[in-house]
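One structure is given here, and the rest of the page talks about it.
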Amino acid sequence: MKNVMGIINNAQKEDFMRELTEIRSLASIPFGCRYRLIDFPLSNLVNSGVTNVGILLENKYRSLMDHIGPGKVWDLDRKRDGLFILPPAQVYGDNRFYKGDIENFYSNIDYIHRSSQDYVIISTPYMVCNLDYREIVKAHKESGADITLVYKQMPTLEDKSTCSILKTDKNNRVTELKVNSDLKNYDKVSLNKFVMKKELLLEIIDECVSMGRWDFIKDGIIGNLDRLNIHGYPFSGALGIINSIKSYYKFNLKLLNPEIWKDIFMTKTIYTKSKDEPPTQFTAVSKVKNVLAANGCIVKGHVENSLLFRGVKIEKGAVVKNSILMQKSTVGQNSRLNNVILDKNVVITPEKVLRGEENFPTIIKKNVVI
Amino acid sequence: MPGKEIIAMLLAGGKGTRLGVMTDKLAKPAIPFGGEFRLIDFPLSNCANSGIDTVGVMTQYEPLVLNSYIGNGSSWDLDRQNGGVIVLPPYLDRKRGANWYSGTANAIYQNIDYIETYDPEFVLVLSGDHIYKMDYSLMLKYHKEKNADVSIAVMEVPWEDTNRFGIMNTDKDDRIKEFLEKPEDAESNLASMGIYIFSWKYLKEYLVEDTRNPDSSGDFGKNIIPMMLEDKLSIYAYRFNGYWKDVGTIESYWSAHMDLLEENSELDLYDRDWIISSVNPHLPPIYISPDGDVIHSLVNKGSQIYGKVEDSVIFFDTIIEKDAIVKESIILPNVTIGKGSYINKAVICQDVTIGPNCKISYGTDEHNKITVIGEGKEIPEGTTIDTGFELE
Amino acid sequence: MKNVMGIINNAQKEDFMRELTEIRSLASIPFGCRYRLIDFPLSNLVNSGVTNVGILLENKYRSLMDHIGPGKVWDLDRKRDGLFILPPAQVYGDNRFYKGDIENFYSNIDYIHRSSQDYVIISTPYMVCNLDYREIVKAHKESGADITLVYKQMPTLEDKSTCSILKTDKNNRVTELKVNSDLKNYDKVSLNKFVMKKELLLEIIDECVSMGRWDFIKDGIIGNLDRLNIHGYPFSGALGIINSIKSYYKFNLKLLNPEIWKDIFMTKTIYTKSKDEPPTQFTAVSKVKNVLAANGCIVKGHVENSLLFRGVKIEKGAVVKNSILMQKSTVGQNSRLNNVILDKNVVITPEKVLRGEENFPTIIKKNVVI
Amino acid sequence: MPGKEIIAMLLAGGKGTRLGVMTDKLAKPAIPFGGEFRLIDFPLSNCANSGIDTVGVMTQYEPLVLNSYIGNGSSWDLDRQNGGVIVLPPYLDRKRGANWYSGTANAIYQNIDYIETYDPEFVLVLSGDHIYKMDYSLMLKYHKEKNADVSIAVMEVPWEDTNRFGIMNTDKDDRIKEFLEKPEDAESNLASMGIYIFSWKYLKEYLVEDTRNPDSSGDFGKNIIPMMLEDKLSIYAYRFNGYWKDVGTIESYWSAHMDLLEENSELDLYDRDWIISSVNPHLPPIYISPDGDVIHSLVNKGSQIYGKVEDSVIFFDTIIEKDAIVKESIILPNVTIGKGSYINKAVICQDVTIGPNCKISYGTDEHNKITVIGEGKEIPEGTTIDTGFELE
């Protein structure tokens, strides 16, 4: 895979998850007790032997840069190749209006040009899975396709926003591709992961720019569906599509199924920035059932069906059910939480009761004290 | 390259034979501790937290594990351009020939060249096998205030234990008048913690002199400190009051872990102002199944609990199968405890697989001994192992 | 200096050097054969024992990020403290207009807040010098001043733009401070390096923001001249004020004076990213007089009174005088250059003649072939 | 941790006694070369450029310089999370006791544990003291194509030199039939370059067997390869045609430098597709004063030339004072050549100060010997040193 580079396209609108993305980019949303979304596409690439990865950024990326740092965790702190942070387009000119992600590709075209690899994988942070691109690249080369698109057969879709659905013919060639549409009559969802020759990507960018079209998927891929041979590659592992609060919440809780968390976390190692947290402590009065927990937590209460991020504290008598508690949040004595998402550093003082709905979890924003 | 006011020299050479099968394949400083750490994490983190960024680690036993664990030191923020942590093995000298480290002082003598690279004013001498949190910069401040040539960290031990320690007799100002190794009738209960600050010019002089003496065992406690006291150097005791434990035996290793389970453990590992760092393996979160139960225990990431855990420390990457029961035990990394097995008062070393329905340390508990299962063992289904057994 | 943090303010207008800053930020302008401007403020801070440095960025900063990387070269790749890239303000909101550098401070105020240090040094990349802040911080504490401003006594100023000039009273208190003004009646120029308590900086930012004022020096410093005790600290070393092409050109050539280059390069080590270049090769027909040269050059021609950056090639018969040749530029056989600046990768084909004026050097832009 | 297809084991143990005073304080692989490098930069850069990211460096002489030079390996992009470069000193084994490396093969035998960590299919064995650029991945491809058990890199040497090398007799297919150490009447002029690829399972077997033989000197050329040939293992010669030089003597060290000065030197250090990396000291640009003159020479950063330099290689941080003349010489880092001094055909080692008006290697040139001034010497004003002198 020395001849394949990766681009993680984080230059996307993320309004669909406003409560969690107000203070951070989509890519740095905390996920699965210890991770952030970016960890998955980045680890997938690295695990497949890709050593040149560019991350297209749009905005609010300081937390992302803090998280990724020089890429040491992913072994991408290299003299040649390695990790490249590709800043947004608009800062190159004063006060221009943002047109779309093609602009980000275009303003970083130098990086793509001068990379020595002939193939490129384009990925996105909001499709969480654990896959090996080696097979996909091999299939791409064997098929002779111009573009290979990874898809998954799915009966239903939690939320259609940002998703592309598709139909393929009997040779697995993509015949239809639609964005933001219902699954009706379709049962395949694009993972928005593409393999193509670098030359083709450059051509697509160039063409889009010259015609004033700025959406990579709509204009660059769908717009070329007739002209190019786009091949579908079926993926059968677990997939989390993180495109709404509801889907975020549901898929996190789905992780409590050992089959799913083993697939997502352990098919290959998922790397993330570590924090020197001691083990999680359970006391003589703690009661835990069906829980995923990061390190550094102190659990004195009752936790069921929930995810605890790093350094969460649950005091005596507190009861937490069906909830996601992000880093360093605290639940005070005898408080009760059900269907709740606590963002980082939230403090629930003693004797409080918070209750959301299964399809509409209550979200408490970062640093709030209740 | 600018010099350093102080550098640390960490003696990591201990064979640690009293830890039995645990140190069969590991130098003592590399022994796992507290669900997350290795012993050497404590002095290394203390150095980093105290602002000491140059640490030479002297080792000659099984250096590969320690070497690859320490790596470039970035885990402790000790990957500095000028300084940082480095492992110092013995080497062949064209003039002196082959030289293994014969004693604690001799190890430092052989690394005089390394020390002089940094032209330090002070040298902090540490050992790699004690559990404690200590701000060495306060000890250095004390050393300078007392205008001392040597400072030795000491702590009060119970009078009945004085015959197990190096005991300092001091004057009112805490200047050390006498140093006695394991005295029968101690006059003082101030025990040496094996932590020294030396003014380098004196230390160097005495190291060179000690090496000329063929009868010396090249040891700080036996040779260097007594010589310095004889010469009336100004040696002060620096009193330390926090948690400190030499986990030199299986019993003390086990009880140090039980200490950690206390809700307000004296050794607070959750204190974010004095973080003990370690090399973090990349592992998924802890999973506790709907049938699992964890009470009064520490559990580390990557572990899957389908059974019952009580009063225990579970390191990372361990599987406790359904209906298994683990009590008052220490489970080191990458262990599997089979379905329905019962583990009580045991230390299960790395990479052990215990089959289903085993009973370890089950039965009469009269001599109250800890069972140890050595690294990599596979215990077949239905095995019963008696209390106090050490399986190599 | 554990209690002092550094902020390098690279959020400044840089139109005054358009020819060199079109493709890069001011901070990443090549300087002195091997360096970029940012190397000087960064090395000065590190050499003074500062281990927490934030770099405020405005735009075109990819080359800067490539150059700095994780800060390893400056020993700032640390788990605690270290180097912080502070991205510009406008990307936090969509398509807002840039107001001034206070906005950059403000949008990174979290970083300043959570830093553990009590004192802050604010510096800028366009004042090139080699100084030790330890004395300055000591003097600051002893004087009891609110702010200490470093200045240099200068008889003339190559170019007044972006410069502040000042007057001090007999106690070295700053009594007057003006931006973009002639030196007439003044003989002290501010290095735009300031020492103050972090609390004061936060107060100044807060005040400026609340009053809708956005220029750090004009509003934050000069606006507080009456209210605060601003103390001057005289600096007597060599100083390069890089605020115009002319001043850039002249100061680079001034480096050929051993007293100046020794002061600038060797008072303390200036760190920069290194490139694994072999030694510079001089052939049997080369002729060199009064030259500073980086590694990796191959000199077959005649070079006089000039600066050669890394990997420059000068072919046989070529004559280069009073010129600055940036990285990987090539001068073909028998070509003649006088008073010329070649940007990176410029190729001068054989038999060409380029001639600028002493006060108006000819500049050839990056990648141009002539 | 995933395994590696191939890892490299670099023998950096050479005492290099034929290099005289140059190796007094340096292991041979640490010797400066080419104005910028140390010898070990060549194999390390070759590994990185060939895609081999795991290198064990075995050393037992003066490891401190090599250890701190190699650091965490980031200079060669060998600071990898899984693999990277590591220095492997000898160590005390609780069972086997003290063991210094007795020979090239024995050094690898003692590091079997390290090698097995990576579970490699192939092991590339290199030495740290040759100057060449070679893509080991092509050699590996050859090794696999030939389905060989061992491949040995060879080059044709002049027939008159065959008695100085290990010579391979091969069949038409380049399979090695015979290996002769420094034969008097060679049948072939294919000389071993000391670069081997072994299929690890075979190498391991022979290393273990060789260790059982008390008469073996634990050497590849003397013991392992002959044993393998006897057992009819499939051993192939891999022909290499580029520049390769063993700089084992002062003369060859000097002439390798003179080679570099050629405009189209066979060893192209300016090739950006095969960069030889090194640890870069932070130094200002080269300065050539209005009176300075540099002809047909290599000069490195940090050097200041006020005098005249001709046909020479000047390492970094050196000052050639006004009216000084340096001819056909190699000036190692941090040297000062005083005003009016004349240096001809000399190697001036690191940190030497030559006072004004000295004459080094001046006078009759009949025996044509190179003068060497050892590390750190201070030569007082007006000294004359004869041709061929070695000043320790």
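As written, the chains take the letters A, B, C and D, and residue 1 is the first residue of each chain.
Following the convention adopted for this analysis, a contact is a pair of C-beta atoms (placed from the backbone, for glycine too) under 8 Å apart; a residue touches a chain by one contact, two chains touch by 3 or more.
From a predicted model like this one, the values you see are computed outputs, not experimental measurements.
More C-beta pairs touch across one of A-D and C-D than the other; that pair is C-D. The chain with its Cα centroid farthest from the Cα centroid of chain C is B. Rounded to whole angstrom, the centroid-to-centroid distance between chain B and chain C, based on C-alpha atoms, equals 48 Å. A straight line joining the Cα centres of chain B and chain D is 40 Å long.
Shared interface positions of chain D, i.e. residues touching 2 or more other chains, are given as 74, 79, 277. Multi-chain contact residues of chain C (touching two or more other chains) are listed as 72, 77, 276.
Residues 58-62, 65, 69-70, 72, 77, 79, 85-88, 90-92, 94-98, 108 of chain A touch chain C in their complex. Note for the complex: chain C touches chain D at residues 32-34, 72, 258, 261, 265-266, 269-272, 274, 276, 278-284, 286-296, 298, 307-308. For chain B in complex with chain C, the touching residues are 51, 74, 77, 79-82, 277.
Considering their complex, residues 34-36, 74, 261, 263, 269-270, 275-278, 280, 282, 284-301, 304, 313-315 of chain B touch chain A.
Of all residues in chain C, only 2, 72, 75, 77-80 touch chain B in the complex they form.
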